[in-house]
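Below you'll find the structures, each written out as structure tokens.
Consider the two complexes below, in which subunit A is the common component and subunit B and subunit C are the respective partners.
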Partner chain A sequence: MNIRDSIRSGLITFGLILFLNLLGLPRTFGSPTIILFTVIVGLLTLLFLRDRHDRKYDLPSSLLNGAIIGIVAGLMLSLVTFIFARMQADGIQVKNVFAQIFPEHTAALTGISADDVIAGVSVLPGLIKLTGLFMIAGILGGGATRLFTERTQAYRTQLATSSAARWLVLGLPFLFYALFLSLKIEGVDIGGSDENILGLIFIFIFIASALFAIRGANSGRERIVYSIGLIILILILPQLTDLFQNAILGAVAIFIVMGIGLNIVVGYAGLLDLGYVAFFGIGAYSYALLSAPKSYFLVNLPWFGGLTFWTGLPVALLMGVAAGVLLGIPVLRMRGDYLAIVTLGFGEIIRLLMLNLRDYTGGPGGVLNVPSPIVFGADLGNPKGILYLAMLFAIVVAFLTTRLRDSRLGRAWLALREDEDVAQAMGINLVSIKLMAFASGAGFAAVAGALYAARQVNIFPDNFTLLVSIDVLSLIIIGGMGSIEGAVLGSLALIGLPEILRSVNEYRIVAYGALLIIMMILRPEGLLPSARRQRELHSEDETVESASAAD
Partner chain B sequence: MTSVSEPAPKSNRSFNLTSAQRSRIFLNIIGIVILVLLVWRIYIVAVDRAYPIQYWAFQVINGLVLGGVYSLIALGYTLVYGILFMINFAHGEVMMMGGFAGFFTLQLMNSLGWSDGTPLQSAATVFFAILAGMIVSVLTGITLERLAYRPLRGAPRLVPLISAIGASFFLQYTALLLFGAIPHNYNKPSIISGGISVGDTGIFISYTGAFIFVAGILLMMGLFFIVQRTKLGRAMRALAEDKETAALMGIDVDKVIVLTFALGSALAGAGGVMLGFHNTVMRFNTGFIPGLKAFTAAVLGGIGNIRGAMFGSILLGVLEALGPSALGLPTEYKDVIAFSILVLVLVFRPTGLLGEVLSEKKA
Partner chain C sequence: MALLVVKDVHTYYGKIHALKGLSLTVDEGEIVTLIGANGAGKTTTLRTISGVLKPRDGSVEFDNEDLASFRAHEIVYKGVSMVPEGRGIFSRLTVFENLDLGAYHRDDDDGIKQDFEKVYSLFPRLYERRKQVAGTLSGGEQQMLATGRALMARPRLMLMDEPSMGLAPILVESIFDTIHEINQEGTTILLVEQNAHMALQVAHRGYVLQTGEIVLHDSAESLRENEMVKKAYLGME
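Moving on, here comes the complex of A and B:
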């Protein structure tokens, strides 16, 4: 019975690895893929065997079952790879069906070169090694289940709530900041890797751990002092980073502004908006068209001298708010699912209009040479300037959002999200608060759009596809709906990381999709949720609440 | 006392409308204005362009074929919505997976020489392509239900919807990575290539179009039979009515839901292969826009209503084919027209053209 369960788990493991395999991971990463797959086998084994904790497993049977899972997964993968290798040796083009299965792919898994694969060199030694590795991973995973017995569980809880753990959480941001600074010192070389990228990773971890640390600090004076310290560190950051790092951080900050804006619509008011990119695009195009030297308005209206960034920004904001209200009016009476589809359609309509109204928007050629913002004579049209502006916008938007959330309007939004009918019965004017939600969310997106246009200098309709909406939605869902820290964390993870890990970029959206599903099942409130949201989604199980309160 | 409770004088009554009534009247006025503007525009364009009758006939036929494909997809939305009250956002991608299965089957049959072989072999090619599309779509659909939707049953409504959006993008970009970004060209088996001219009117009907339309109708009749006449269909309708009570009556809720997904996905798979025949290419994002349009069609007809989905799809197909020419716009605007129809329907008739009046909670 145990054996049959293990074989089944092994087949599921194989299914997942085969999927990653067909997606082309071995071709992208080369031979390190084997290590990645081995780790996955180990983790999955741990997961499967831990789930069976009800039946008291002793150590030998855990190890045995782990080994079986590893061997089954390894043998099946070997079989598939062997078949592909045979076909490649016989000159059959597997990539006509599965576009990623090149000889290099087989080579990466079996440890021989691509030419050898085509020449028909036996792949069996490599496959035996692969199966062996999987088996060892399975055994280790099975052994690791020992760490999850009730006794160790209690010990770990004790450790997590100890004051040492708290100081570790509080100290972690400074540690990573110091690590980042140490990269600047002449002659320091950590792991011999690319200094820029390593520095950026340290910055990301610094900001992310700072978010958790602020939560971990005792509320009151400690938290305030701590937050101010961290904010000062963040504010001097752009002085220390280089162009490349500033450019990426700037994109992250712009998406934070958008994330906070979408949070109002989705997180507070519970209106799922899939066309959020429309407002972003409207903001960008409003500013660009009214300021770029060769746009329709400047060429055909000679009396109109064009706007600067600071006069263009209010115009973009107003256009965004107007668009938000215009979209809001027809969809007022719709609920959840319909709203999602209609807003999605709205986003597509705006993009199609940008693309097809050639005479006004420039069509696929976009708008070129958008002027950069100027403050007191200083041109901010460089990554550092844009980053500072974006950070400023993010702070302003975060402040406004917090005030809105705590206002009467904010409470009305929460009521609306909970139950529309009850909210109406309580005397809330649904029409006006829905429109307010759309308008404020849209306004923030439009501001982000104007800044984006200034950052990109040249903007095209292709910058405003549905994928931007999905990016923003994913980042607030994964970060934590309804919380500003969530938007920051989500933006770092979903916008920042793919920029660094260029080679992973093609897997980005597949990973987002999977993450959305997994998050919805395991932790629908996101990684750093607002306290209220957390209570709502976990009102019935106390254990989860106390566990995450310990975070 | 009696004089107090007497109704207000008649002359005052029309001014004491509730806010709901007032907004409805306001909406109706806007609707009439939009309608008048549209008719005016169509009249102007018709006088201005004066397209020949063959042109319109061609567009109508095109629209009917497209509508046939949409209806196969729309039925999947409607079936699932009728039971779970959720939009299976990834349904278009389920269809796309079927389309890819059909493509590879066609490649295989082509290499065997069946595709352009005897009429029987060629017909078998078409049959197997559609069968493969249906099988792969069913597998995709029920896997989706099991992994992405079932764990979330009973969660707040936004949760399964977000999961479905995730699934949609997951499938789309999985297909991109698995099969590559290049468009896959469908090569039509000889039996459905070509077409006939109707008499000497100059109207041309392609065999592909005719086949899609007829096969679509047959499949839909099959579905209609299942839903209306079989025990499974009765169980499905019972679930749509009231899940708890149905479960108490001994209906295996999980099983019926899986079978519903399977039925909807099978139709979508067939639709995917037919869309491949119609458009002659299949790409990773082929499913998305048709999926949205099919959803629009389902809403147009009244979601949760099988006849409504069929009617709405045909109507949407024809409107989409005629719309750009009738309004004097370039064809790039056909998607804009479809989405505008969706918005207008939801605003002016949220229950759709044939929809029952759902209670607010359901709608």
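Moving on, here comes the complex of A and C:
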């Protein structure tokens, strides 16, 4: 890491922060924004420095590089803010050009009041403070890098043998579970204003750390024991959570099902599908139209009493699979970019059909009063019931996917992803394995869709926009392509967190964008990638490491 | 007994007429080589036989059966396997997984196991590296892998596209030894080569291809002595 790299990293950091500025984060949040930005600078510094592969650098140079990143980002932001402040003092309406830049925005960053900004009071002291803060954040980030690399080195060499560290990793999930439980105990106050949000955050961290613990287990048997333990704890969970928490966890679980399904298409077979929402929508509408009492579709058939959830589910599954094959056939010959565009179009076509075939689908009015699932006379049409069902689906889908992945078909998908021509020359029937990938991915999405329809009770074409496809794709990219744990983690981070942080919800797309860019640069394989993916993207590091280990 | 009969085949890439009435035969148990300069159409010939390309005219018969109506992967089932140009290994899969994909269409587990042993004994290096990602193998090892993978299909006819390309002379020699050995064990081989010198030593017969047409066809010994071959392909005046 030399100075030029640090300056460049500083500029990237500044770019991200400027982006958030132009979107109006400071004006929405007020002065806490500075804290948020400072944290971002620290984290980015950590990421930038950590991934430069140079473990030989000593502490002072890490601190120096961190300071440079912070100062560059801080100075640039100060410069821009200073210009804005001058213009605002001169009565120029900056907001006519940048819709979110008001005097309040400048005020939030500099710590003086909006009136003072307009009156032309000098913002310099505030800006110096800001730059100083960023510099400190950079230094802290740089210092943390050292901890990080030393820890990872220790991890590589010792963790496997040091039982203390291992037990810590394995024990963390239980700690977070306990923290969550303690929120339930009368009289214990952990100090959150919104207890159920705090509880959810503990649950998320609990699940995330459990995933890492499972990944860190050093034998297959240990992994199975921890997986079962995690599943049991999670099955108890809905009994302890409230309506609000269950509703959010239900959405997370439905997206996990979709993430695992899309993983087959994109992660295993390497077919970039941007219209995945189509199958989700087809599943939802298939069930809804055949079951809702005032369904526009079948209202004229007196002998047809409507399907229940359990008879509708297989129909939705079949419709999804059929749609998968139907989309698969015309795109068999397409590769890469073309495939992405055609699938994108397919997703939109399905939504437009829902919207415009009024006589059949109800058009923009949607389908109302979709019946809820009934199990042994118990109505599961409540957040807890839906959550249980969604978890059940996720477990089944995860199991099936693992079996598929380890089968010959799974191997053939990997070959397909690598080189179509050679795969064919190996005797692989490209047509059938591509269709299998599309069909199984689509089937899983359709099942998720049927459950989603039951959860929402009323569904509308607007529930099935391109945004859903983007959500699912982003969650598997960020979680880690080709890995089931990755889909869980991605869904927690991209579906669960934004639901909690309602106020940030508007910035979700921005956050996705920023997160995706950072991930692509620094950790292209995602947070919890399949072992194979990791190997693919870091085979160079590995060879270097094993070479130096051999010395 | 002719195992493969290619009759008057015309293959096109769009408007480019790449094979202009090419005919050749390969008998059971033979090694036949196809030599020619860059762009002569050697790879195109192999791709036509393996069904990846379909000829516009003419026929390809394998074991007295016209292959026209079969797709590429079905032709593999019939017993034709390929060592592609540039090896075409799956670089992100392990050595073992690559080999296993070679037997993709088979379900005789015992036979597959035997063939694994056969390949590993032919290439002990592959056994040592069976868990390694194929992309990190050396060029010579990758060639072994591509050859081993083609063997895993238990082919009757093996198509090899320039197996010596980019290898050090000493490795080239061992590749040709292996080709000989595979043939001795009963696999018929159609070998495409630019290294005419080595190819004509290991092969029984040879064809010379020029811009999509066979211009010469003879036993390997006679071709080695042929003035035109000497000049154009063996670098002798």
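Note that the second predicted complex is superposed on the first by the 401 of 551 C-alpha atoms of A that agree within 3 Å, B and C clash if a C-alpha of one lies under 4 Å from a C-alpha of the other, contacts with A are read in each partner's own complex, and residues count from 1 in each chain.
Definition applied: a residue touches a chain if its C-beta (ideal position, glycine included) is under 8 Å from a C-beta of that chain, and two chains touch if they have at least 3 such contacts.
What you see is a predicted model, and the numbers here were worked out from it, not measured in a lab.
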Using the superposition on chain A described above, determine whether A:G141 touches subunit B (first), subunit C (second), both, or neither.
neither
Spot which of subunit B and subunit C makes contact with more residues of subunit A, would you?
B
Contact-wise, after the overlay, does A:G441 reach subunit B, subunit C, both or neither (first, second, both, neither)?
neither
Just checking: does A:F346 make contact with subunit B only, subunit C only, both, or neither of them? Give me first, second, both or neither.
first
Mind working out whether A:L516 is in touch with subunit B, subunit C, both or neither, as first, second, both or neither?
first
Looking at the overlay, what does A:G479 touch: subunit B (first), subunit C (second), both, or neither?
neither
Looking at A:G42, would you say it contacts subunit B, subunit C, both, or neither? Reply first, second, both or neither.
neither
If you stack the two complexes on chain A, which partner ends up touching A:D421: first (subunit B), second (subunit C), both, or neither?
both
Identify the partner contact of A:V331: answer first if only subunit B is touched, second if only subunit C is, both if each is, neither if none is.
first
After superposition on the shared chain, which partner residues are touched by A:L430: those of subunit B (first), subunit C (second), both, or neither?
second
Take the contacts of subunit A with subunit B and those with subunit C, and give the residues found in both.
421
Quick one: which bits of subunit A touch subunit C in the complex? Just the residue numbers, please.
408, 411-412, 414-415, 418-419, 421-430, 532, 535-536, 539, 543
Which residues of subunit C touch subunit A once you look at their complex with the stated criterion?
50, 52, 71-73, 76-77, 81-82, 84, 88-93, 97, 100-102, 104-105, 133, 135-136, 149, 153
Touching subunit A in the complex: which residues of subunit B?
86-87, 89, 104, 107, 147-148, 151-152, 155-163, 165-174, 177-180, 182, 292, 295-296, 299, 330, 332-333, 335-336, 339-340, 342-343, 346-347, 350, 360, 363
Could you please specify the touching residues of subunit A with respect to subunit B in the complex?
19, 22-24, 95-100, 266, 270, 272, 274, 330-331, 333-338, 340-342, 344-346, 348-349, 352-353, 355-356, 421, 470, 473-474, 477, 506-507, 509-510, 512-517, 520-521, 524, 537
